[in-house]
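When the chains are written out, they are named A, B, C and D in that same order, and each has its own residue count from 1.
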Amino acid sequence: MAEPAVASPYLPEPFRIRRRRRETADTWTLELEPAAGGDVFAFEPGQFTMVYAFGAGEVPISISGDPGRRDRLVHTVRIAGATTRAICSLRRGGTLGIRGPYGTAWPVRRAEGGDLVIAAGGIGLAPLRPAIYAALARREAFDRVVLLYGSRSPDQLLYPGELERLRARSVDVHVTVDRADESWNGPVGVVTTLIERARFDPERATALVCGPEVMMRFTAAGLAAAGISTNRVFLSLERNMKCALGQCGRCQFGPVFVCGDGPVFPYAAVERLLTVPEL
Amino acid sequence: MAERRTIRTDFLARVEGEGAMRVVIRDRQVADIELRIYEPPRFFEAFLRGRSYLEAPDITARICGICPVAYQMSACHAMEDACGVTVDEPIRNLRRLLYCGEWIESHALHVFLLHAPDFLGYDGAPAMARDLPKVVEDGLALKKAGNEVMRVVGGREIHPINVRVGGFYRAPSRRELDALVEPLERAREIALETVRLTASLPMPELEFEHELLAVSSPGEYPIDQGRLASSGGLDFGPAEFQQHVVEEHVERSNALHATLDGGVYLTGPIARFNLAFDELSPLAREAAAEVGLAPPSRNPFRSIVIRSVEMVYACDEALRLLADYVEPERPYVDVPPRAGVGFGVTEAPRGALWHRYELADDGTILDAKIVPPTSQNQKAIEGDLYRFVERHVDLPDDELGLRCEQAIRNHDPCISCAAHFLEFRRTNR
Amino acid sequence: MARRKKLAVWKFASCDGCQLSLLDCEDELLALAGEVEIAHFLEASSAVRGGPYDVSLVEGSITTPEDAERIQRVRRLSRRLVTIGACATAGGIQALRNFADVREFTSVVYATPDYISTLATSTPISSHVTVDFELHGCPVNKHQLLEVLSAFLNERRPAIPAYSVCVECKRRGNVCVMVAHGTPCLGPVTHAGCGALCPSYHRGCYGCFGPMESPNTVSLTREWLKLGADGRDTRRAFRTFHAAAEPFRAAGDSHG
Amino acid sequence: MKLLEQPALEGLLEALVERGFRLVGPTVADGAIVYDEIRSAADLPAGWTDEQDAGTYRLKRRDDDALFGYAVGPQSWKRLLHPPSVTLFRARRNGEAELEVLPEPEEEPRPVAFVGVRSCDLHAIAKLDRVFLGGRYVNPAYEARRGRVFVVAVNCGVAGGTCFCVSMGTGPRATFGYDVVLTELVEDGRRGYLADAGSERGAELLAGLAAREASAEEEAEGERIVERTAASMGRRLETAGLPELLARNRDHPRWDDVAERCLTCGNCTMVCPTCFCTTVEDVTDLTGVEAERRQVWDSCFTLDFSYLHGGGVRTTPKARYRQWLTHKLGTWHAQFGESGCVGCGRCITWCPARIDITEEAAALREDAR
């Protein structure tokens, strides 16, 4: 009996780091390109890849680059443990294994014709950045584009230069921090407090939310309370994940597999599940 | 003014456990010799009290990670003795096979990794491996073959789990054992080579006078059971051990020192070889003859050659036992408990290991007493040091110190064993 | 080439078995000696090089005042400190002294007690200094020891799972001795690592790898009693090689 | 339908061996009936049966010499199709810059015949197929293993003490997924096997055997045997509305009750023929040049299973047991359109704490919301 000629979906492709930039004390943005040359696969905003660091492990990391560009794959990684440390300690020219893209996307196109509200907490801005790029690429198709971004402290803000540029391109950017320092003269508090400040038309708005799970629960609830239908609020969930193929079973969240049914879910689909402790 | 030299090693390396050595020379005379055991005592005999007789093999194994099988075997024998049970031949053979594994492993460890570097002027096997890779690789291969036997028969190399009072939990299958034949055959070749190699090492001169004591079992080389016999003609059963061997506690040491009928004595490979040479396999005897080794052999430095001969024997014997193996119908015999006292003595790689237990009728251990080889040998080791320093007092301190350490290693002392047993007294500090 | 990392091996109250596990890696020992500088390992070499050390393996428990001081020194000299074995991670079998009844042991006085200096307890290394990783087992499994070493040398997380022995037992394809033979087994509450040795030799696990991540000793004890064990059996089972590890200590205290 | 007399059964196995198949089937080892390599019908557990209940399994002699007169044992075919440890790939690195990913060479390509597969296990294999072949991604290693299998199924002649396939609609009659199916007839010390083909190669195999057509009487006897088995299930489970019931009762007090008993040992998940969850172990050699990534069986009962940086999701035993049972009997429906349980009873028998999924489900139903 002949072996099927399909390559195993478990095999990563070597990707080389062409640039790396330190975002914060523990977070790096890596620009990668296929080691074998050629274009990067196409992806949609919100999707992620599995990033393999030699011998250390393989972890899900969202794509944080521009979906319009096929010459590079961009990831923003925060050091959480051994694998992410190994990923972030590779220098330029270093090689990682990549497979993907996986998962569901932010429904950016479906938001066209109305307002787009993007709410991010901490590293959660990374998976949302491709959505921002996508929206900017068709800026005229949206009414308001609003970014609500919360970070623990000013020095932990991601992409600070870029936030300024967004403002210049008529994105309504609101930033808050949990703990201010002397350099900070913006608002202090959690992201939910920004909802009131932002102006959008809830009837025609779509919201994309990503951050720590508690932050997402409160923000989604806040956006719903502000009048956005829970069908038009989207969250990106996180669960332990080893394969991203729906085969290791670990990313189950009640009835769904986060890797394939998600990570992006309509709030309406997971609202109840999010209230169950230790699901 | 009197000239006073002190030669000391605070941390004896390449021995099992923690010990120190101090030699004081005054006016070219040995003034004091001390082999100090500072390994903290672990009080096994105290906490064996109140435990079940069935637990003794597993618990006493933890006295020493280098010769756990010896502890398990002596404990099993003592418990079976107390309960009036003897095991069947196939079980006994399996025990001897397991024990051969421990001999090969322990001897190979000692000969190649611990002792040979002394003769060849290295501080350890890693350094020796850089110049003499083949020797170290061979040594490791031999050691591995011994470990394989322990792994298959005992379940693992250190603290085997398959040994129980009455036999084994599971008898290995023919197929599992067959896999041991080839590595053991290769090991036997290496062991033969090792006899030649060790015999060619530069041997310092020394001769001891003390008495020798070993297990004796008619018709076979002493390993896993028997009575005790000495070069002075003593012959007694394990039950009479304490009438002859007396232990005393000496100040400088966390171990006890033993005497045999009041005199210094030695147990271990040298004793076995001298007392039971005729029981070695023909191949082992030939190997000894080829390098001119025959009883009486009274230079303790030659123990490294004797150990090598014993490795040849242990491989030979293991192969014989493998060839004759029949899977026992039951891997163990029942050993119902009863009140009484039991004794067991077997030959650990470094000498006779004696156990005594007193049991209650439900098998609860009321009292336990263990005499390991190293505490029996401690006086003999100090005697060797004394005579060696006396003869070589002109050596410079460094050299003398190294040679003294080498002389201690002649007896492969196991300090973890020696320090296992003191009763427990709390000093609330 | 990068500087060779320095490895040290230290011994406290123990049987030497866990250090021996390193020498038992016959196939890897020379590669290891090539890869790292074995800077302090008395059982293997009298060459002793000073600290600091990249990785220190510590065997044995603390039972004397001198050792309580020595471990502080070892910690200061070590970038990473890994304890190996039951003695170092839980106090070992010698921690049975921790349970000795004062009246009982004062009557058991040996010949000349003044020569002995010892603490009333045997305590794990982690009671004295910060430990970077604890490798379980009495003795440790040599493959796990190599795994921990290569993980620390390569700065990754050691693949040393903390679930039950049962998981290994089933992966290995054993028939459960508890269910099929009625043999009491500690596997369900015991830390994996041995590869389910005892059950593969038809004996119940006796817990030499210590408590697993979430041991339910109460439920297991109940099952043991149903299989005919009595309170003394369960008490002894918990009170042997990991007597002082908290979940087993509590289990040993509550039965029998 | 054919009738194979005793020697013809031997002939069936021989014919498979001649066609290059390795045989794996039930055999007695270590006090249980396990699936292992067999050489011939002589290795089958003639005259043995098992007594099973929650947390206990005992081999017993039968008063005849039937070859298939017992229920399922501790292992399942999962072991062969989805092995406990599989290397996903190896990698080699040359400094930081070069990373080479080396696919694993093909596993032993020799085809294998599974002998004595019960109906519940046919269903279990179908469920694994759905996980590894029917989702977004195909697992080619599984597919290759699966493609090498020839299935000789057996209709159950006795029900085990923990069996409840009737409740799950998964047995005791094999209805699909086999090449050949047998029903063992034992009468007056005479053994015969009704044999039917489920595939072309099965039919081809049967055609080559010295077998006659079964009589109507014999076929009827076969029917009666399977009906008797169906009527003597050791356990039952009410499945009506179960997924919804479980979804509504995530805070039922029964979860606390079972958590007090559960050892979180993971045995239930290991023995379950459909539990497929895995973890991955990354190891390197000492030199840090070679790495291996291994996929190994894991269990939702381990803490690592739900570990997220900053704290695991399911830390209490209650949450872990709830995840398991709810997945098996509830959320599996949403994921794969059917139940994840085939009623084989293994998790009941092999739970050292005697926890019984049917009893727990019944208790949850009792005061359900």
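Assorted remarks:
Note that contacts are C-beta pairs under 8 Å (C-beta built on N, C-alpha and C of every residue); 3 or more make two chains touch, one makes a residue touch a chain.
Just so it is clear, the structure is predicted and the values come from calculations on it, not from any experiment.
For the interfaces B-C and A-C, the C-beta contact count is higher for B-C. Per-chain Cα centroids separate subunit A from subunit B by 65 Å.
Inter-chain spacing, taken between the CA centroids of subunit B and subunit C, is 25 Å. Averaging Cα coordinates per chain places subunit B and subunit D 51 Å apart. Between subunit A and subunit C the centroid-to-centroid distance comes to 43 Å (mean Cα coordinates, whole Å). Within subunit A, contacts with two or more other chains are made by residues 55-57, 81.
Residue positions of subunit C with contacts to 2 or more other chains are 154, 156, 202. In subunit D, the residues that reach two or more other chains under the touch definition are 279, 282-284, 288, 298, 304. Touching pairs of chains, sorted by label, consist of A-C, A-D, B-C, C-D. Residues 88-89, 91, 93, 96-101, 103, 106, 109, 111, 131-132, 135-141, 143-144, 147-148, 247, 250-251, 276-280, 282-284, 288, 291, 293, 295, 298, 300, 304-310, 313-316, 318-319, 323, 327, 330-331, 334-335 of subunit D touch subunit A in their complex. The touching residues of subunit C, when paired with subunit A in their complex, are 154-157. Across the interface of their complex, subunit D is touched by residues 1, 3-4, 6-14, 16, 35, 52, 54-58, 80-81, 90-91, 93-97, 238-240, 242-243, 245-250, 252, 254-257, 260, 276-279 of subunit A. Contacts from subunit C toward subunit B in the complex involve residues 11-21, 23-24, 26-27, 29-30, 33, 38, 41-48, 63-65, 67, 92-94, 96-97, 100, 102, 105-106, 108-113, 115-120, 122, 138-139, 142, 194, 197-198, 200-203, 206, 208, 236, 240-241.
Subunit C meets subunit D in the complex at residues 28, 31-32, 35-36, 146-147, 149-151, 153-154, 156, 159, 161-164, 166-167, 170-176, 178-182, 185, 187-189, 202, 213-216, 218-220, 222-223.
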